[in-house]
Structures are given as C-alpha cells and as structure tokens.
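Next up, some structures in structure tokens.
Next come two complexes built around subunit A: one with subunit B, the other with subunit C.
What follows is the complex of A and B.
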C-alpha cells in the first residue's frame, strides 16, 4: 500500500479531512478578484448592439449618430471587426457532421435574438448603451427555425447556406447485433422522451477586460474563462491580420521562433505518434464536402501564429461559477480583443444578465425516440435510440455540441448489461442561443435511460428497483469493458450504490407516507436513478469516443521549491467555485510533509502555467488536476530528500519530513527546513531567486477505470390543488473514490442536485413559435431559491482499487442523476408515465388529471 | 413574421443625454464619508464599485432578483442595483467590506459561513452575508424554515443552499455563545 493510500485510509494528513476553505479569506471579506473588479486606469467600456429578430438579413447599418455622441470612442460595425479577424473554425470534426464557419460579429445576417451586430466602445457603460440606441440597422426579417420539428421539416428556411436543410449532423454508432437481439427479445418497448432548453446561469455573467500595453501592444486579457490557454491561442489566431506569404517570410527570418516551432512540432508528433495514427480523417472529409475554405483560414492563422513575436496573456483569477458555460471561446471575447487592439486602448466588457440569458450558454433541448428490447423475465437485451439535438445558431468553439453524441454513444446503455446498442443523432440548427457544455453535457442520456427503465418495469409488472438490481453490472460477473469500448474495473461500482440506496429506503414507510399524502389531497412518490461517468475514465475512454481525441487530455502541473524555500504548485486548471486552492494545498502539503499554509497554488495566468486545452471541465480537477499536484510534489520531495540526506549525513531512505521539519527518522530535534535545503542548493548554484527544485509533468491518471458513479433516490410530494412540489427527502449514494475534502464533495453533489431540481420543476428557457426569447429575465427564467431546494442526504462509498488511486470527479454527477430520479418519482406519485423532463405545476396538474391540457 | 419588408430595429429611438447634469451627493460607506459628484441616472451599485472602489458588492442580474448586490442602507438591506446613487444622499451604508470587526477579524457571520463551508464560487456571498446580518438582527434565533424564507431573495447557483443555511445556524450559535462583535 502506498503512503498516500495509507493516509487516505487512516485519516492522517490533510487529504480526506474536511479542511475549511482557504478561498474564504478573500471571498467572505469581499476581496475577491472577479473580472468586473479589474478596472485599469482609463479603461473604456464596451456594449454590443444585438439583434431583436430571430432571423433576418442586415441590409444596412448606420452608426453616424452613435459615433458622434460625446464619450464614444468608436462604434464598430460587424463588417469592420470581421475584416480584421478570422472565422471560428471547427476543431472537432465527425463523419456526417458539418460545422458552419462564423466570425466574431454578424454583418450580413442575424441568426438569433441577441446576435451581435455592432460594438460600441465608450468612456462608460452608460454612454455605450446610450450610443446603442442611436444605431440604425435596416433588417429584413426571415422566417425562423424555432424547434426540433422546424429543423427536421424539409424545405424550410436554412440557417446556413452550405448545409442540407437544418440538419448539420447525422451521426451513427452501433454496437452488437442489434437486429438479431431486437428480433429475439420477448418485448420491444418504444417511447419518445423530451427535454426542453435550459441555461447554465452562473451568478457571474461572462466578461473580458483587454488591457493593451501602449508601448508593446501586448494584450493582457482578464477573462471569466474556464480554459485560459484555449482563449489565449484562439485570440492570437483569430486576430491574425496578415496574409500567409507575409507571415511565412517573417517566420523564415526568425531563426529562434523557427527552431522553437520545429522542436515543439517534432516532440508533439513523437509523443502522440500512435494517437495521430489512430485519428480518423472521415470527419475532415465530411467538413470539406460542405466547405473547403477551412484550409485557407488554417494556413493564414497558422502562419500568422508562427510569425508573431508576442501572444496575449490570459488571466482568470476568481470566476463566479460557470457550469460549463465559460469553457468555449465566444464571439464577444474576440470582438472586444479586436476592438481593443484596433484602438490601442484597454476595453472592458461585462455581459449583463439579459445578454447572458440570450447567448451566454444554453443546453439540453433534446428528444429521444427510444426502443428497449427486453425479455419477459426483465433481462435487458438491447437499446435503439434516435436522438435530436437542438444546437441553436452558432456552434460553440472549439468543441461544438456534436461532442454530445460521441459521449452519448458511450454512456447511454448505462451500468447495465445490454447486449446491443444503436444510436443515431441528428444535430440541428435553430434560431436560438448557443448550446454549450452544461454540467454533465451528456446528462440527458441518464434521464432518458432511467425514465425508460421505469416504463419498462411498469410494462413488465416489475418494480423499478428489481429491474435495476437484476440488470446492473455486478462484481463477479463484471465484463472487462463496456460493449461501447471503455474499460471497466472495480470503480464501476454502481451496483454497490444501488444496493446501499435500496437498504436506505424504508419501503413500508413509503406506503404509509403515500396513504397519508393521499389523505391530505397530495400524491407522494419515489424515484430511483443510477449512472456512471468517466471522471476521468479509463485511458481508452476518449479514444472510444473518437480515435485520436485523447491527444490533449492529459493534465499539466509543476511543483517548485524556490531559493528561499517557498513552495509553489502550478496548475493549468481554472477554478470557478470548486475549491481547487484548498484541495490542491491539502494534496501537496501531505506529499511534501509541510503545513498547508506553506504551499502556494498558482493558477489563472497563462504566462505562469502550462498549456491546457480544457482548463477546468469534465470533472477532471480532482482526478487529474489534483493527481498531477500529488505526483509533482512527490518528485520534488524526493529531490529535496536527496540533498537533505547529504546535509544530515544520512541515507535518503532514513529521512522523514513532518510539519516542515526535515530530519533523520527518530531525531526530529536535529531537523532542517525546506529553506535550509533550498539555501544550500541556491548557494551551490550561485543563484538567489527562482526555482532550486522543480518537477513538471503531463499526467494521465492511474488505473483502468476512473469511473465516478451514484444512485439517486428522490421522494416527491405533489399538492393536487396547486401543483406545487415538495421534496421531503433526497438521497445520493455516491462513489467518487478517495475523497480529498468531504466538505467540497458534498457541496458539489448538492449543487448539482439543486440544478437538477431546477431543471425539472422550475427552469425552462422559453422560445415562442417564431424563436423569440420569452424568458429573458430572472422573473421568467426561474432559478430555484432556498425555499425550493431541500436538504440532500449524501452517503459516500469510496471504493479503492489496488495500487494508487486518484480521486474521482464529482462535479457533474449531481445534475446527471437528479432529473431522472425526480421524474421517476413524479411518475410513481401520479401513477402515469412521464415523457418529459420539465414538469411545472400546470403540467403536474395535467398529468394528474386535475386540469385538462389546452 | 415571414414578410420581407424592411424594418428598423425597435431599439433605435432618439435619446438626449446631458453629460453635464450631475448632482452632489454625500454618503457614508463603512464609516467613511464620501463627497461625490454623480450623474443622477447611475445606480448605487455602480457608484460603490466604480467611484468608491469597493468591488465586494457584486452585480448578478441588475434587475433586482438575484440579491448579489445587497447592501445595508440606513440599516435596511437594499438592492444596490435598483437604487439610484442620488437616492442615497445622506445615507449610512454598509457593504461587505465593512462587515469585519474593527480589529480586522471576521464578523461572526463571516466566521460561521467559513466554518460551514457555505460558498463555492462565492459571487453571491456578499448579498447573502448582508441579508443574514439583517435577518439575525431582526430575528436572533430563526427556525430553519424562517432562514430559508428570509434568504429566498438571494440566489446561489453553486451550493443548493444547505451549506448557507448551515452557516446561518452556525452564526446563531456563535453569536449566542458570545462570539458577537
């Protein structure tokens, strides 16, 4: 057993303890540094003119009056900014998928309410908004595509000229002999399940403050980005404003840049030889069939990046939540950077809430036509799904919602022993806001599957609990891999969470509670849902989704001891509420044998941290982010011990470090400190500052599973007079492996469940039949309050594998399980099949037969 | 809807702005009195953040729903996004920066929220803390239901509220055991 595991199990050290948050010292005093708090001297303020129409052509735009307003520095039309920027290119290409190219502003056509048409930069936000009102735009309205049905109807207006209608993606996946299984099974049960549009809605909107160095022109971009390095390179590439030949000339002349580039390219190709070989060119082919211009833009941007002497720095200190919405690089990010560069002045843009509701990130509007093949004894055999995904107007960059079917195809059969599975997904363009990742971007597969299991159980006359218990993968008969590809090890412990949850339900009491509710004019019901997620998943997870796509998915980190003995841990994560600082200090302090406060965590500055494609996302901050902190800290400790052993005239194996005291085991009184050891090395090296010990790593995790799993159980009580719902109990039995900080894990789980409760009972992003946004304020889009969210019981399982364990991610799970458990509970309460995720009071009363649908 | 006639943006209408129209305002924030010259249309929140430089007060929705901008105005919790700064002329205001004890140590409510690990991204926290100050002043021993109801004017998207409710309950015991400032 490793040292770390020992401590995990014994409860010694900081890991595993409910250590209170270091972040609180600044947050609770109002001393955080969120993007809007960055107010450089002389900064100008930006405001966007946005389309009031869902779909229209822009005939002309007149900014004369607005430009003349006192205090306005400049009004940029879309055409002006598009002239000096490159289009967003698809990064993620799939067979059967076309991703339209688009620029940072709209200059000929608007495609959703809130589409960006002009940008005013002025001395204050007030003046900028005054100027917006002075801009005249002449639009011609077009018919709009407002729904999945609209997008599927042939012959309607098209959002994108080069597409076939509004179906941008038609993506297949198939595993096992589906036809044979469906022909042989006793029953095939078919339903259509729906989920309406939701929106992430972090309490802080998006924002960017682009500081321009008047001397050098260097851009310092303070931004709410979950992925600062992605934003840095995307900004650099999209702002390339010179042709290819000119750039190549500059590059050829710049020997230093040339050799750095060729070295990096060689190392990348060598490191990723196998992965590059595995990547499938079919995706690029699909894209090129529709639009060949990508190569031209790629060449221009690549040569421009090579020729450049300077790239932007992105800084993200404190971020007020994101839930996926701040991962993508957005049009506003690029437009504001381009405007600042043009003006040579610093510019701040802070999105307002209406803008955020229009295009700050939307999700989950999906429909599933699903069939399940099942035998009479309840043995699940096969699943076939036709899925429809409403992507909105502009695909997210760099990864569009077309990633979702690639995750669906791995997750959809869930933790059950299906023999065959088939999925077709149509990715649809509509005149609505942009779809972004939202906390478990694929989560509707769990809603769909777990809702269907209850329906199947009902058809077979079984209990939902028995159907699950019969089919769930169990230790002993567990396969080595899912039929969809990814490996399985003992971390696939859904059965353990299900069994434990069932033990914790008092079914006799439930019957009594149901009767009591009935007597009060209420209906009470219970719903169960189980799921697994890759957090981070086995090494072959991403290659199962898409061969070669695991190329960028390691996590970088660095540990350093400086000349004065101070310890710095560098992470490429971009924390926005997950308590990275506290948990990484716990992990590093344990490895290094020092008090937590001796460790400084460095994040959120692309000049100081290593490249990361994803930043914070995908529940990876615990497993891989903390993992690389652990491994680099361990290596640095070994380096320190080597020197300390010399200094103490002992064997390195006899050195212990406790509370920062480096000593020979048993002789703590004769100890030395990190400062002593660092000073020795600094003196030997004749340096007075900088790192004396350093270890940098690309970490891919340990083990062949990396599954984070849970079973959720919801009790709902529905008032048949008002349709209002109470949740008398909500239970999560979760297994995210070794817990770094239970206070943090509980917070993540509860927060996710709260968003799931919102999704089912309160939140729907309403667009009307013409794609006009109706829920553009918090009076219309209802975020649940402390009145609506109940206490949530959490039971931890903490399954460990043999050997060393990473923590497993838990950021997304709450939201994955909750909609399924809650809709199942409603179905149980009302005794009717529920086919949709959104169940506001009027809908509950309709389902209960109290009122009649319109 | 599908007509192809030209139309002007409904947003475009003429406005007249007199940038010179300002008022003198005197306001005490966290014990310091500020003499400010401000445009009448500016919100109290913007003036606190930009003119006074106290950025602990956050703007989440700017339409009075989320409560992140809650500050105490003459002892009453107020939405600084919905109030004009000129309305605060002569007022005594406390923001999150003014909550700590005189010796710099955390106020019991701050301490309690730390103990309870109440927040995550903490963008909403200034509003919750100020609302809690008012809640516990008016009702020193609230029930859990009362806490949930009183804090229902503040939105948090991260926590599911349980840890915040725990924080208020922890504050009650801290204050009742003599930890009050």
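What follows is the complex of A and C.
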C-alpha cells in the first residue's frame, strides 16, 4: 500500500500531497502516444516548401519535376490549396486594430523566411524533401521590415496592402486623471526598455496526422493542439468549399440539424444576454474600415458548417509541451487537412526543428517608452507607457498578439497603488515569424515595471525593497478593484510575499558576499520583482479588458460511473506537461472516496469531451479544470450514495466511502463497491454498458479573486573578466492558494524560472537587418540546460479564501517574475541601469565598462 | 531535416576506401563518427552522392605510441579521453576532451574526423596547431605528410584533396618539462566556445624556452599568435610574463564577431584565456605561476 493510500484512509486524502506523476511511467518508457506515434495504414508524409526570403513576390512556380519523382503522391502549389480553403478571419477585433486576412498558403507573396509556398505529399518524408528540391519558384525579392524601427518608419515597403504602413494596431487605454497626476508629481522619470524576440520551443514540435476514413471521408485529426475543439471547428470552417444558398437550402431541409442549431443558438443567447449586450462593435468597425470581405467569408463558412454532414474529430493524446505555441490553429494544420481531404488519403506532417524555429511560434519582441510620476517621498503616482509590439508576419489565429496590450492594460500598474495609468500600444507587422502566446504572454510588463521601480528607487536614493514595500497594496487597505477594472480579494496578497521574501534575505550577509565577490574580480547583485497574475482571475477580468469577451471562459467537465462501476472523468483541457492526469485523479479520488488508480481521466478527443474554446491555457487547468472535476465528482458521489443508502438500508447521511468501500459509518466490513451500486442501477435500467451515473457542469470558479501572486529574488554573480554569470541563489515566494500537488507546483515554478533565466542570459531569436533568421538551429538558439539552472528555493504561502476550491494557477508565474528579478540583480551588481532584457556575456562586459561595443 | 539519397559504401581496408575515393572524387564523402557530416546532410547543406563509411576499417582504429603518439582515423573521442597513452604523450588532447561536445557526441565522434572537418571553433584543430602535429594523408596515388600549420587553410578548408583520406594524425613527443592546457569560454556547457586556447610552455630550468598559443573560435581556422609566443621566450613562467603575453595577444589578434560574441569581447576573452591558460599550463609542471 502506498503512503498516499494510508493518508487517504486517515481522512486527509490525496489533495495536497506530493503524489508521483502517473504520466511519467509511460513517458519515461517511451510508451506515450505522441502525434508522430500515430501511423494509420498507408499514411503519406508531407513536407512544405518554405520561402528562403524574408519578403518577395512569387512570379511563378513549377512543380512538374517534383511531381514526377518516384514516391510522390501529389505536389500542391499554394494556389491549389488556397482554392479549396477559406481564409483565416480575424476573431479578435479591437478599436484601432486591423487584422489582415490570409490563407493557408502563400501564392503571390511571401512575408517571412519559412513562409509556406508548396506542399509535397509522398510515401516518406525523405522523398517529400527530395521533391522540395525539384520545385522551381521564381521570386522577386522585396525590401523587408526587420525591426520595430523599420515598421514605424513611414514610406517603407508594406507587408499588407490594405494597412496604413506597417502599424496594424494603435490601441489606447487610460485610467484616472493622468495629466493632472503627472503635472502635480514631484518627479517624472522616463526610460526606454527593450525586450528581444524569443521562441517557445517545446521539446515536441508541432504535428498533425489527418486520417481519412476511406468509406465515409470522415477526418480524424491527430494533432499537438492545446485547444482540440478550436482546431476541429476551425478546420471544419476553413475546409468549407461550397458556398451560398445551396448550403442554406441543405440546412433548411435538415430538420435535426436545424433544431439542434437553433436550440444551441437560443441557449447561447439566453446564457450570454448581458455579455452580448456589453460587446462593443468598435473592433468590428475598425476591421471593416480596412477590409469588408470578412462578412462574405463568414457567411460562406457559416452556411457551409450548418449544411455539413460531418465534422472532423480532433484527437490529442500526449503532447510534448507547448508553452502556448500550440493553442493557435496554424496554416500548416489547415493545408495538411485540405491535402488529405483532396487525396482521400491519410497524411501526416511532423514539423522539424528548423521549421519550428522559423514559424512554430515566437514571442516577446517589445519596446516600452515609459514614464513614472513619483513624489519625493517615493509615493508612486502615475504611469504612462508607449508600447511597441512586433507581431511578425501572420497574426496568430484565432487570437492574435493584439490580445497582449489588452492584458497589459490590466496588469501594467501591478500590485502598487498608482492613481493614474495610460497605455498606447502600436501593433507592428514585420517580416518575421508568427507571434503566439508564450507562458505569461504579457510578462514583459512585469519586466518593464519592476525594472523601472529599481530605476525610480535609484533616482530617489531609496532602496528598491523600500520603494516596493511603501507602495504595494496591503491587506486592510486594499481597494475592491484595480484602477484598471478587475476585482480584488484576499488572494491578491502580493504584500505578504514581498514581506516574507524580505525576511528571507540576509542583507548583512549580502554585503559580505558582495565584498567577497569583488575580491575575486566578480560582482554580485540582488534583484527583487513582485507581480500578480490572473490565474484565472475574477469573473470580470476579461470583461475589464473588453466588455463581452468573457463568453467562452467557463470550463466544462463531466463525471460518469459506468455500468461496470468504472469511473471516468471527462475534461476539455488538453494536457501537455502540466500533470492534469495526476492532479485530476487526486481531486476526483478524494471526492469519490476511491483509490487514485480507480479514476480514469479522459481528454483530448473532441467526440468524447465537451466544447472548449481555449483548451489548456491561461492558468485555468488547476482552478477551473480541477474545479469542475471536483464539483461533478461530488455530485456523482451524491447520486451513488443515494442508491447505496437504499441498498444498505441506511440513511444517505450515514454512508461513508473509503478506499472504494461504500458502507454505513462504523461498519466497513459490510460495505459494497461502486461496481455493486452500478450493477444495481444497470439492472434496474436494463442496460449493460454506458453511464449509470453522470453529471455535467459548466464551471466558472469562485469569488472575486483568482489571483496568483509572487515575489522573486535573484542573486547574480558576474565574472568581470568573462561576463559569465552564476546564480548562487534564487528564491520564489509564491501564493497560488491551496496546493493540489506540491511536486507539480514546484515543477511549474522551477520550469518557469528556467525559461526566465533563458530569456535574460541565453535565448534571443536573432534576425538580421534584412529579416533573415540567424538563430535557425539549436547551435544558435540557446536554451539553458540543467547545467545552467541553479537550485531554486520555493516558499509557499497558500492564502485560503472563505470559499472552497480556490486553488489558483501557477504555470506562468515563474516566467513572469524571473526576467525582472534577474535584470534587477545585474543592475545592482554592476551599478548601472539596465534597459534591456537580453544580457549575454559580451553585453554584461559592455555594461560593466570592461569592453566597448564593436 | 531528412538527408538526401546517397549510395552507401562500407570498405574494410584503407586500400578499398582509397579506391572508392579515387572513383568518386568530389561526389564522395568520408563518414567516420558522423557528428558533423550527418547534420550537414540532414539540413541539406551538403548532398554527397557517395558516402564512404570507414567505420569497419579496423586498421584505422588504433592509438600507436612511438616518438609521440599517432591517432588513427577511427579512434573515437571517448577512446582518446580514456587513453593513458594519449594522456601522457599528447596531454593537450586529454585536456581538450571535456570540452568536446557532450558525452554522447564523444562516443560517436572521432578525433581525426574533427580535424578533417576543420571547424575553426573546434578544439582539435587548435590542439594540432599548438603541438605541431603531422597529418598522414593517403590516396590511391600514395601517401604524404602535411604539417598542421599547412593543413588548416580557412573556414572548413584543409589541404585534403577530394580523393584523399586523412588516415592518422601524429602528435610529436611531449617534453617532460612542458606544461599545457586547453581553456575556453562557451555560453553553455558543451557548446562551441566563444573563444578558446590550446597552449603550452616548456620551462626546462626556470625560463620559458618554447611557447605555443593556439586560439580557436576567433577566425575560420585556429590561429597562433607568434608575437605573444615570442614575448614569452626567455621569460620566467610568472603571472607577470603571462599578463605581458596577454597584452600582446590583444594587440595582434583580430577576431570576428557574431551573434554570440562581438569581436571586442572575443579579444577580451583571448587575453583572459592567455593568462588563465598559461597559469594552468605552468601549474601542470609544478611551476609557480
């Protein structure tokens, strides 16, 4: 018997324990089911021809030679696939934003190195790549937009004809009386801070295996998607190839489909009445001013979807990481599905690392011109920011990077008592890879703000710790809401983490260590960063960003006991490293009173799970995903207890369930099992399989908080001869509420910090002045390894709310806090202001004045 | 990232291999450990029509002691790392080994393969240049020997002709009064260095009589800085002599810049490594630095 079972018998349960991950055995033994493990009979292999140029027009393309190569099933030009697919439409519209429409392939123009131009389908990936070399494309190179400065320069070449230059978005937000606050404050401190481009880089690249049923033509899409339902419906919509009234006629004649649709639509409108009313049409208006074609495409897709006989099934079993990059539906997903459908054959595409570095997902290239108004005593008054976001070439679908300024505007003032705040963001098109969400997509605001706080402290002659302690929101005087809108409750306890972190720093020792480092020709510094994150945030979080944008944010789940007594928990989450399976088993087993291994978690198959717009993302898997597991399991337990009470001739209130034994309290020897109870119900209902108990729920969380908070402290030691860095200590004091599995939380925190260490000291996605990709392999895009990551001390605070199920997400925080804490430590060590996030050894020596830039 | 098609040959004698090279010339490529060639092919940066795998040629997998040590073309890094003969006869190779890629790479990759590949950022070519190694080159027409100084000719370029095989590299006898070291600074453990140095000094009786400073990852090929070596001759093996040499290195070395290291940074590293490397070399022979 395991320790955890002992604990459960003692009534303490699995939740809160460092239970070993059930996923690990299959992963470590190579027995996982990743997308490349799916090999349908006769599957063909796809490879994309990708642009070698950052920006060029395509004059002609000749695939004759490639098509004749032995083993090639078909070479699709971009135009051929575009003819049978619909464009990616803007889904996320904002006032002042234009989102270009684009198709799954490029047939007239390429906009970045790696842009997709043709698709070869062959008997092997080897042959497919051989064929790529035989395709002849005639390009005319265009000048390229390689940087934020390029994109802001008027009169340069445009990526998108309908845009005004390369500024696609100009988005404003303002809170409080900014002008007055800035006029009255004692000081206004202004700086420009820069963040470099990074790429998410999961271990497993993207991939899709589109399995075509030879009889029915049904598509089973095995994919690395974080959001399988989104992929299902996007694929269905983008593959619609009949338009207009013909489709509507088909729909009108299909009574079953018609009533199902009208029912669903009515229920949606009823449920979301207020939200729909609150939606602001200004975003659509901005989009229409540039491009009205969206309506035509929407109509075609909608009527096609309504008339369709069948929709694809998406299956995502084991996924080797994503960090946000596998949420968007990508051009390759649609192109491969279109190719398989055209051929009537199963086709697989497994992205290789070169492709992944070119366009698998990039992030974080942003610049901030920031001013902070502050009084002489260190009281923070106001913040004004002009932000620039380099979106790359093709906006991510369905949510483009324009969501980032929407998050910035809520987060930027942080957990401090600013009275006024103003943000203008320009979203810029450049000839670079696609920007996607990356673990804490808004994280650079924390870098910017926390770096600025140190700069402000320096200007005022205060210590960074004192400045933070003076201004952080404190319990007792905490407002009900941020000036930017979202509600606040006791979960927004940043001050507690800051106070605890400051207690855990031995400042006297620090001075001694600094002196010792100096004696060795090194410099040692300490940096602090505090932040809060919506994990998942209060109910009004997303509506504070954009009214009505919170329509799809509930989490669906279902608990079932089948006729044989087996327990199945269905989640719409798409796990890819977060240990959903283990933690959901812990939660459900506790509710149901059974051993963990009696609970089966079902995920990733759109035929078996309920619709979810987001899948896994946004730090929702713990609070909402596990929450709906808990609530549905509890309800099913109640159903089981009712029947068991009857069978045991007892009152339901006297029934206990321990280790799967359902019994009257005090007489465990006379217990029955879930199988016994299920068999009884099955017999009564005259069924032999399927669910005998079932509970389905939409869950939206609890309370007005849902905040995870933390303070990071980094100690950084720099060798002044070489610029090489060591991190002698790294401390995270975090509060994500009650912890379901401390091992999982620690892993999330450490993994996030590791990526933050990467961001500052190792990882930069380099493009040259012409937008050619320089860090095109792992020789040049450097991800820190275990050798570069120090021990990371973690202190958990676990603030509990008055409600229940108030576990909060923790997947993103490590990455949010680390770049700020590390750069602050570097600044402290070198005694210079640091204005950039990426600090390779040569740059550290430049900042230290040891060498000059070339 | 799948290699293009090729015809695979697996000769079991050097003569067979040379005959294949004579037949295919520029269309053929020798495969030893494959740690550079296979990635190049997977990225389709190279597409040789004929691969001549010398992995079954037992006569090439030997380490021979005699007036130094001779390392055959199929001696893998991992074997060189473990070899007591190499540790005593060619200590710079032993010193370089921990820096050569990662353990898995050293299990497959070969010492001579790295030399033939001639990456200017790699350790082995710099060690050859520092020690005055001699390359044994064979072709169907006969054999020839080429000094390391003449062998490395630039970015991935050597004196090897397309029909030739680098069968072995001979490292001359190591003076008992000489100390050497390999030092480098890489961004992460196992990465190619941003700058590295293979160096040695011979200090028979208090003063330096011979010095070698061979830098890697500063240019397309390893570079010796003769002026700095000259500055060491006749000097005591002291910190101040090494610092003087480092100053000369900074004056004469003209490194390239890239995304990982600027030229100025490489120059800085070269001076630091000169001091550190020479101090470590001196400590190996018990000379107080």
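Rule of thumb we're sticking to: the second predicted complex is superposed on the first by the 842 of 854 C-alpha atoms of A that agree within 3 Å, B and C clash if a C-alpha of one lies under 4 Å from a C-alpha of the other, contacts with A are read in each partner's own complex, and residues count from 1 in each chain.
One rule holds for everything that comes next: a residue touches a chain if its C-beta (ideal position, glycine included) is under 8 Å from a C-beta of that chain, and two chains touch if they have at least 3 such contacts.
Predicted model only: the values in this text are computed from it and were never measured.
Undergrad: Looking at A:202, would you say it contacts subunit B, subunit C, both, or neither? Reply first, second, both or neither.
TA: first
Undergrad: Subunit A residues in contact: does subunit B have more, or subunit C?
TA: B
Undergrad: Counting only touches as set out at the top, which of subunit B and subunit C does A:18 meet: first, second, both, neither?
TA: first
Undergrad: Given the touch rule stated above, what does A:372 touch, subunit B (first), subunit C (second), both, or neither?
TA: Neither: A:372 stays clear of subunit B and subunit C.
Undergrad: For A:722, is the partner it touches subunit B (first), subunit C (second), both, or none of the two (neither)?
TA: second
Undergrad: Please work out whether A:338 is in contact with subunit B alone, subunit C alone, both, or neither, and reply first, second, both or neither.
TA: After superposition on chain A, A:338 lies in contact with neither partner.
Undergrad: Considering only the touch criterion stated at the top, classify A:32 as touching first (subunit B), second (subunit C), both, or neither.
TA: Once the two structures are laid over each other on A, A:32 reaches subunit B alone.
Undergrad: Return first, second, both or neither, reflecting whether A:777 touches subunit B, subunit C, both chains, or no partner chain.
TA: Both: A:777 reaches subunit B and subunit C.
Undergrad: Thinking of the overlay built on chain A, is A:854 touched by subunit B (first), by subunit C (second), by both, or by neither?
TA: The answer is second: A:854 touches subunit C but not subunit B.
Undergrad: Output check: A:785 vs subunit B and subunit C. Expected answer is one of first, second, both, neither. What do you get?
TA: In the superposed model, A:785 contacts both subunit B and subunit C.
Undergrad: Which subunit A residues are contacted by subunit C in one complex and by subunit B in the other?
TA: 125-126, 130, 133, 352-353, 777, 779, 785, 787.
Undergrad: Could you list, by residue number, the parts of subunit B that touch subunit A in their complex?
TA: The contact residues of subunit B facing subunit A are 1-15, 17, 19, 39, 41-42, 46, 49-50, 54-63, 65-66, 68, 95-97, 99-100, 106, 110, 113-115, 117, 119-126, 129, 147-149, 151-165.
Undergrad: Could you please specify the touching residues of subunit A with respect to subunit B in the complex?
TA: By the definition above, subunit A touches subunit B via 18, 20-21, 23-24, 27-32, 34, 36-37, 39, 49, 52, 59, 69-71, 125-127, 130, 132-144, 201-205, 318-321, 323, 350, 352-353, 576-579, 743-744, 746-748, 750-751, 753-755, 770, 777-779, 783, 785-787, 789, 791-792.
Undergrad: Can you name the residues of subunit C that touch subunit A in the complex?
TA: Touch residues, subunit C against subunit A: 1-5, 43-44, 185, 187-192, 194, 257, 259-265, 267-269, 272.
Undergrad: What residues on subunit A touch subunit C, complex-wise?
TA: Against subunit C, subunit A makes touches at 124-126, 129-130, 133, 352-354, 721-724, 762, 764, 766, 774-775, 777, 779-780, 782, 784-785, 787-788, 840-842, 845, 850-854.
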